[in-house]
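What follows is chain A paired twice: with chain B in the first complex and chain C in the second.
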Partner chain A sequence: MKTAKRNFARTLDLAHGRVEMSHGAGGRAMAQLIAELFAAAFDNPYLATGNDGALLAHAQGRLVMSCDSHVVSPLFFAGGDIGCLSVHGTINDVAMMGATPMYLAASFILEEGFPLADLRRIVESMANAARTAGVPIVTGDTKVVEQGKGDGVFITTTGVGVARDGITLSGDKAQPGDAILLSGTIGDHGMAVLSQRENLTLDPPIVSDTAALHGLVEVLLDSGATLRVLRDPTRGGLAATLNEIAKQSGVGMMLHESAIAVNEPVEAACEFLGLDPLYVANEGKLVAICQRQDAQRLLEAMRGHPLARRASIIGEIVEDAHCFVQMTTRMGGRRIVDWLAGEQLPRIC
Partner chain B sequence: MKYIDEFRDGALAGNIAANIAREAAAASGYRLMEFCGGHTHAISRYGIADLLPANVRMIHGPGCPVCVLPIGRLDQAIRLVRQHGVILCTYADAMRVPCSDNLTLMRAKAGGADVRMVYSTQDALHIARANPQRQVVFFALGFETTTPPTAVAVRQARLERLQNFSILCNHVLTPAAMHAILSIEGGAGLDGFVGPAHVSTVIGSRPYAPFSTDYGKPVVIAGFEPLDVMQAILMLVRQINDGRAQVENEFTRAVTPEGNPKAQALVAEVFSLRESFEWRGLGTVAGSALRLRSEFAEFDAEARFGVEYVAVADHKACECGAILRGEKRPQDCRIFGTACTPDTPVGSCMVSSEGACAAHYSYGRFREAAR
Partner chain C sequence: MKTAKRNFARTLDLAHGRVEMSHGAGGRAMAQLIAELFAAAFDNPYLATGNDGALLAHAQGRLVMSCDSHVVSPLFFAGGDIGCLSVHGTINDVAMMGATPMYLAASFILEEGFPLADLRRIVESMANAARTAGVPIVTGDTKVVEQGKGDGVFITTTGVGVARDGITLSGDKAQPGDAILLSGTIGDHGMAVLSQRENLTLDPPIVSDTAALHGLVEVLLDSGATLRVLRDPTRGGLAATLNEIAKQSGVGMMLHESAIAVNEPVEAACEFLGLDPLYVANEGKLVAICQRQDAQRLLEAMRGHPLARRASIIGEIVEDAHCFVQMTTRMGGRRIVDWLAGEQLPRIC
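Up next, the complex of A and B:
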């Protein structure tokens, strides 16, 4: 994959062209797609070597690795697209381990017939997200499947990072008495995608919160608070993430509904579709569990970061052999915030 | 959010709860049935049971569209989609209801059947227009709330001469189900009803009159917001304390005595009464469901594809029937929370979040655990 100019008969028609089977066949067409689209956009010395792998000279210490597949419909939504999402998602998974994300790998499955203009938009969005985050995409792969056997584009990204010395964060470390913090509003990403998919016109529109959180994580690690768990509540929403942690740690949780912020259009769309924002995906939020006495300090550190201005302490870890995540409601009652059963389905009436 | 937060106000809820506690001291017990799954859901989701004194007990009624659908009706839908190769459009709740052969519509879909989740009857029409070479069947289910939109779709299909659209009609009627419940020992087990919210916006408050006059049961129609439910409970406690049995309307912001005449006219134009219909839990109830009028018979999927209804017995251990009749509570069923969970539902009450069992499992099972 040399960046030196190759002698392709004519340049890719990125305005009107479409993905063809030959773009994944290993021949000249594939080389051209990689050179003129991927390598041009991601542009870094690792890709420029043209090897099948990347030599990661600077990754030393305790390495963290994570991978994430992205299938989203629609591919473009208010606040982002599958491209930046695939960069943010993996950066965040690495960061939640208390690590600094350093490198990304990206694998594309393209459907025959997919417009190259859309692909370019996606790739440029990825490149932009990676550049802004300071995490280069150092290696990748492309395959093409026949029309009808894919959904436009699937993107899998893998991230490698280095854990900060002395920091070991894990979902099994929550202890009774610990505080649970949330970095902001919930449900924005899921409802942005769903409202667009269902043609719900909302004013103002719901904007995805997709963002790379490693900068925020640095701030939290620097705060001096004793952190136990960091996790980004993506698929399954806040409810799924908290239930996972409760189970891993063998503890219960008591949340306070009034402390959990939901943007008004998200709340409205959820009401309309019969969904509960607690179960709706986020792509730019994190849950932090810390020692009780550090909660205030951690909260202030969070709120000092632009991605967590609306952070709050949403509850505490309690002893509970059933590992129930419970919540005091705004009405003054109590309920369980359960695991999602199957997928969240809208109610009939 | 405006018009929502006002009805979820914790301070107001505290006031109403204090009034209920004080006034409910007058009698030893109040057994109140909330007919609708929407109310069941609100009671569970907002933890309303915690705000009620121990002697006010809420009994979850059968007003959950998928809960009352017998297995045979789902089997029929599955036969349509698997044997006749139709595109079956359904509201999402019905996707996970277990039926014969360990199937659900969702599993049938995974096995290659073309089942599509829709939000409205208009989506189903759209799918029919977009697939002229395929037969598209809308799985029409629900109470009076979802019936008018089905009527609109059928009328539209006739207007457009859509040859490939039909409905599998399972629309049911609320008052008939309430009669069926009260016919059990004359309704001795119940002191009053929290009346339906959305259903009443369509049918109005008048159809509930017989429950107060003939059965002597107070009915308070209530909205689906938690404060609506609390206020309705207080109004019921007051009626019972006063020895009154009236139809009262807490949901005046949406429900009138006559309901929505336009919707009623639409339904009357397209549907007629079925002589009888089998309900899960209530058995066969006369005059409790709708079918397409003969003028619209061409849109009846049962006739078009010749899929007959075959009754199927419920799972032996499942207590959905007794729970839907208000005779048992979810936690009284011996498979509740063990063999039957929202991930592995045996009965239909465990499927929809409006179902009594799913609501109790998902939101309230910490209460038993605490004992």
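Up next, the complex of A and C:
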């Protein structure tokens, strides 16, 4: 007991220490972890108050709220890690509602024995992503589970934002005749994680596209195009996202394979592993559905933003009572792009 | 593949089925789990839109945000389960900021193989707690990890509320002379979980005090007393909470042991296991610190609420550069109530 107390008085050993059960027990060790790691990295006045919740500014407008747990494995991959991913993912979900993300909450489930050096790397990546995006992490929580009852670190983030006045985007608003736009290449995030997991040595490596898209969304909202739906095609890839929207709106879709960009190394890796990039996760892309006559204007607005240089119009909404998503192939045929039935890539985000 | 597709077309087998990796993969199986279990139980118009975020009402006032991950083990215990606990815990953290909780987000990390029947029981308990509290679960997420990489189910909830105008409560506002009130007995939740975990057969069993405290908080705010701090003494118990506040405010505290109520079976179990109830978690109690001359008025307001019948004035704030929490004991002595140094009861919430 005495030794334990002496330990707590020292500074946390972030270079060689490990997560202990006491870091989640509500006592001195937890207070130290929060002060020396989380509060130091996330550094903002809300968190600094040290209360169990954050008192924020007066809100003006309709609130938007979204949350995501992140369980990606491995925790580090080319182009990112679970830390920045957990910030980008939730910012994007808030932005897809036509809202400006304002605040994030972050909750950690740590496995006993996890190296504090890795945790610091993750927390600093989160802090950097939040700072770059201009969305502070204002409140949080830390729990610790015994070795073998978790997997290093799981991070749940929740975002709150304010919807732009007059804008209501929703997956049930697509109408026959509308155009479907995609902001860039598909499959980069999923294949970056998978190639890391499978120790595929690719040269150059496939890099995750993980990015915060709220700046791009502002540009789209400013373009004056009549937007119906925005959504980021993450788990289940573009195919899952489009099928969801088709079902919500009660419409069909006709896609054009030749308009859907895939980076060459992603295409090669997918072919090698027998995967279809349409079902592979993205973390820095969005699908926009807009009124047909605004498609060109929206496309130009997209391409003017650094995160959407390779944007394209990939298809259109059609009437279809079965809500099928179909695609004209490069070969001139036509196929159905079905829901993902089973499980293609687990723990991709 | 064909078999799999046929399975997904059937209704989810909530009686005998188990969580599969596909339930977190973003495809048809996940959509089915969300529709037939989560959306059905949480049933509200925000969730029903099926978007990745919720578009909520126009907010009026200063926002409050708080989040907590829940990893309690075992998942079910006398008086509650991880489901209702995850709703109460976050509602309480929002309420302690002097705010009315408005919305909850809930994110699930499920372990492959977890029985769907248990998941249903948990989700229905959450839904019931949220409905009773009048705080809807408006958005959520589900992830699945492989067997041995989780522990049944972890639930992270985030709450958003609006602070009452003119009220700013914070742990750094306690002043020498202020009175410290406690809303009831201590140690009930922690000992309920622990006795379940250790298979202690107590008759009658110790029952968790898990409860949503926002109604009680409304009563306290309405009382007209000048409140400084509200906080719920969860992990680390009353001792951790009071030490946190003492440190935040730069003050000392003098408690009176005889004023701190402990249910007899809790006291007996603590004695048997060598635990101090001051360090045992509560999930339906609060500490209130107020101006000395308002203490009696606040006490009467508390006792008028069903969740605080056994409320008492347990001590006062004193000047102390060391920020010590001290206590006059029943024996007439005096002791220091220190921070919890190590780990007493892991995974209590």
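Note that in this section the second predicted complex is superposed on the first by the 335 of 349 C-alpha atoms of A that agree within 3 Å, B and C clash if a C-alpha of one lies under 4 Å from a C-alpha of the other, contacts with A are read in each partner's own complex, and residues count from 1 in each chain.
In this text, a residue touches a chain if its C-beta (ideal position, glycine included) is under 8 Å from a C-beta of that chain, and two chains touch if they have at least 3 such contacts.
Computed from a predicted structure; not experimentally measured.
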| item | value |
| --- | --- |
| Which of chain B and chain C A:Glu198 touches, first, second, both or neither | first |
| First (chain B), second (chain C), both or neither touched by A:Glu20 | second |
| First, second, both or neither for A:Ala341, with chain B first and chain C second | both |
| Partner chain in contact with A:His58 - chain B first, chain C second, else both or neither | second |
| Superposition-derived comparison: chain B or chain C, residues of chain A touched | C |
| Contacts of A:Asp172 with chain B and chain C, given as first, second, both or neither | second |
| Common interface residues of chain A - those touching chain B in one complex and chain C in the other | 339, 341-342, 345-347 |
| Parts of chain A lying in touch with chain B, wherever the complex brings them together | 198, 258, 264, 267-268, 271, 273, 276, 322, 324, 326, 328-336, 338-339, 341-342, 345-349 |
| Chain B to chain A touching residues, read off their complex | 1, 4, 8-10, 13-14, 17, 37-38, 41, 44-51, 65-66, 91-96, 106, 117, 119, 141-143, 145-146, 198, 226, 341-343, 352-354, 358, 361-366, 369 |
| Complex contacts: residues of chain C adjacent to chain A | 1, 4-5, 8, 20-22, 24-31, 49-71, 93-94, 96-97, 99, 103, 105-109, 138-146, 148-151, 154, 156, 158-160, 162-163, 168, 170-172, 231-232, 234-237, 240, 244, 248, 281, 339-347 |
